[in-house]
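First subunit A sits with subunit B, and in the next complex the same chain sits with subunit C.
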Partner chain A sequence: MNAVRQWSERLIGAVPIIGLLALWQAIAMSGLAPPALLPTPGVVFARFFQQLGSPAFLDHAAVTLYRLFAGFMIAVVMGVTLGIAAVGSRAFAAIVTPVVRVLAPVPKIALYPALTLTLGYDDASKIALVIADAMFPILLATYQGASAVEPKLAWSARAAGVSPVRTLFTVVLPAAMPSVLTGARIGLIISCIVVFLAEMITSTDGLGHLLMRAARNFQTVDMFVPLIAISMLGLMLNALFNLVRRRLLRGFPEEK
Partner chain B sequence: MTRLTSIPGLPPLLACLGILVVWELLARWYGLNGLPPASQALPQIPHILSDKESLIDMGESLRRMAIGYGLALLIAVPIGLWMGRSRYAAAFFNPLMMVIYPVPKAALMPIIMLWLGVGDASKTLVIFLGVTLPLIYHSYQGSRAVEEKLLWSASAMGLGGFARLWRVVLPAALPEILVGCKTGLVLALITMVTSEMIARQAGIGNIVFVSLDLGAYDTVYAMIVIIGMLGILFDVGFEVLRRRLVGWADSPHTIMVGSA
Partner chain C sequence: MIAIEGVSKRFDAARDRRHLALNDVTLSVAEGEFVSILGPSGCGKSTLLYIVGGFVEPTAGRVLVKDVPVRGPGPDRGPVFQEFALFPWKTVLGNVMYGLQQGGVPRAEALARSRELLTMVRLSAYENFYPKELSGGMKQRVAIARTLAYRPNILLMDEPFGALDAHTRTGLQNDLLHIWDKDRKTVLFVTHSVEEAVFLSDRVVMMSSAPGRIKQIFDIDLPRPRSRAELLLDRRFQDYVVEIEKMFDDTAQQAPA
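Up next is the complex of A and B:
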């Protein structure tokens, strides 16, 4: 009974996705839109898979991946450290909390021109933008998770003679893990999107650059391909992250 | 110190001041051409804000943002509420949302411009797409968490399906919906700036890059400060509105700091 319901729900879920693809196909075939403006999904996906075998395309994807992960990793380290430190020290929290409150709603992408002016047009400015964008959700999630940790846990550790700093990293941080990982997952998808946008704004390589190059040359099919690539990448990273998360959170009560 | 931090509004102001001081010191320390000190960039702000052309440009940007955001509200909130109350609606929309979630919406700008031209329509559509997901998501979460008993009482009193949605689910889910509205508002600003930076054609994002190309670095930084202030202004303004409307609910904290 349950399995039947699950399958029927999955079928219902497939309807809008297939429907959209069918609509795309229908509009492209009906002649309402010329192929130069709207290529059929078949053509686009064929080109996508063909490009997956092209070394030049993969080079661009590798550049994007490098920037994404460099930025994301630094954002995780900074976000978690700052978040934990703010829970551990009241004085530090008094400084960090207002700064975060001011900077969190600022559209980080607006900083990008300043970053290119100070760090140059290469990797550094893009990585810095990814850090600026991905760090805040991770920091906030770490802070919220760590402040909700049962204080008795930390007290016991302290009573057993563990130093305050070690208590933060060996007791509070692991206990706050579910929240930290939620923040990190949001940060990961944000990194993925931001690195692509930064490459679209100014770049000479990367997937975002491929989209802009195709746009300048009116190669519509090639405009769709990087967009599909980055979205697939986001979906894959999301799925991968969920696997890692399940691994790391074994023993934690199931959420939702 | 504790006394000082308990004055509302003071810590964020001090934080702003601190950021400006750090900026000033960094700029003086490095002496980079591309990093003018705050004392040079900030005086440009009144210049920009009194310049008629850039004011019109910014006004146009904000108008498009308001339209895109308003349209998204009208469509996304009902969908989200419906998803929260109907298993089938949730099963229908959820996978689609999951697939759309990692697509960079502002990156659709070049493709949409190909179809709809460089006018208002494409820019508004991109903003609409950028804010729809968080609005649906939060309305869905809010509507899903509505207490069944409220709905039973409402049906017992003879309210039909639509009336229940409008008079029970909507108010009960309002705190969560407003969280989505706040995230969406900041996201609308982000999407607007990003898509204008990509399209390089008009609006706030374009002013930044035009001044960048002209080498007017003071103006670039002044514009960044203006955009940042807009973000903070929306955030604070919405928080005030939220307290007015749903002061009865616990202040929910959100970590859905989004990106277009």
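Up next is the complex of A and C:
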């Protein structure tokens, strides 16, 4: 019964995506855009699956995945640590809050030229950009969530003789986990977008670079393939994220 | 054991909303004594308990525990909160073991001690359940076991049975007395129920509100160990309940709405 419902929910979830593809197909066939500029989804997907067999393409995808994942993980560690520390120490919060207010709205992509000059054109500058963009939503969600934790949870730990710092990490952080993970999910999506953008601007490898190379050579089919690839990567990471999330949030009332 | 000396607490929510929650409360509790605190809602019972626990600082006065001024929470005073305050991400066993593991007790010993406590509160079959999967009375028993685990000398219980139905409540009262009879911890017990206070306590402290003060202290001179069935028939028990209830009604009527 439950399995049936799960599958039917998944099928319903596929409907809008099929709709999107149908729209794409319709526009491509309507002649609004010349076929040379807008290939049909069938052609693009055929090329995508063909590329999945190409080691060179997989290398580019792997490079993108590495930058994305490394940047995201560092952003999680930094955002969570800074957010929790700001809840734990008023002095630290007094330093961090204005810095966050000033830096959060800055378009980090504008820093990218400076990052490439200091960190080079390789992985480091792209990872740094991902961190800069993904960290803020995680930091803010952690801070908000940890500030709202019921004080009696922390009191229960303190009464058991647990130090304030340990209480912060063993009680306040887990109690704020639903909020932290919401921030992390937004951070993950931002990471997908930003790593691609960085690779489009200056890179010699990665999915973003593939897109730019195809565009320069008017290979329109190959232009769409990296987009499909990054979307698939995002889907995979999201599924992985949900797995971790379900484990971490076991026991929370709002989780099924 | 506990000496509350001239404790006052004022909350300054805003300049026009100053509130004197406690005014010059003095009370001493002997080692092994079971003292209940009764009083109208909002008279500062929880606040007083939090101050003894070291979670909230008094505006004036001080609390001594074994002649040492309280400067913060410590494992000599175990709180049991009205809202249970269980860790939702930990199982029943995980909740009870938490303090022991953090305190560096070896895992095997922490496990044995926690299981023993869960047996005592009759929850051994539920050790792998999460708090959300338990009833209110079961959660309360987990909270009590979690606090007993680090063996505090003093228990600070804030209406622990307040949210429970009458049957569960009397069951837990019996359990609590049974546990208490074993090692006679010092207990400060906040409640709304006169009967509960008389049944459990050596002394009942009646507070009045706005500002919260101690109005009267009743010595409950009933034999121990107490059994509910016997006490309900005991004339002295009935007299205590009637007398304190009458005082409670007067206090509540005097309280500004």
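To be clear about the criterion, the second predicted complex is superposed on the first by the 226 of 256 C-alpha atoms of A that agree within 3 Å, B and C clash if a C-alpha of one lies under 4 Å from a C-alpha of the other, contacts with A are read in each partner's own complex, and residues count from 1 in each chain.
Please note the rule applied: contacts are C-beta pairs under 8 Å (C-beta built on N, C-alpha and C of every residue); 3 or more make two chains touch, one makes a residue touch a chain.
Computed from a predicted model, the values in this text were never measured in an experiment.
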**OP:** In the overlay, answer first, second, both or neither for which of subunit B and subunit C A:Arg247 touches.
**Re:** neither
Original post:
Is A:Lys152 contacted by the first partner subunit B, the second partner subunit C, both or neither?
Top reply: second
Subject >> Dominant contact partner of subunit A by residue count, subunit C or subunit B >> reply: B
**OP:** Using the superposition on chain A described above, determine whether A:Arg166 touches subunit B (first), subunit C (second), both, or neither.
**Re:** second
**OP:** Using the touch definition from the top, say if A:Ala175 reaches subunit B (first), subunit C (second), both or neither.
**Re:** second
Subject >> Contact footprint of subunit A on subunit B as seen in their complex >> reply: 1, 5, 11-12, 14-16, 18-19, 32, 34-35, 87-88, 91-96, 98-99, 101-104, 106-108, 110-111, 114-115, 186, 189-190, 193-194, 197-198, 208-209, 212, 217, 220-221, 223-224, 227-228, 230-232, 234-235, 253, 255-260
Original post:
Which residues of subunit C touch subunit A in the complex?
Top reply: 53, 55, 72-75, 77-79, 81, 83, 85, 87-91, 98-99, 102-103, 130-132, 146-147, 149-150, 152
**OP:** Write out the stretch or stretches of subunit A touching subunit C in their complex.
**Re:** 150-153, 155-162, 166, 170-171, 174-175, 177, 248-253
**OP:** Enumerate the contact residues on subunit A facing subunit B in the complex.
**Re:** 8-10, 12-17, 20, 33, 37-38, 91, 94, 97-99, 101-114, 117-118, 133, 136-137, 140-141, 144, 182-183, 186, 189-190, 192-194, 196-197, 200-201, 208, 211-212, 215, 220, 223-224, 227, 230-231, 233-235, 237-238
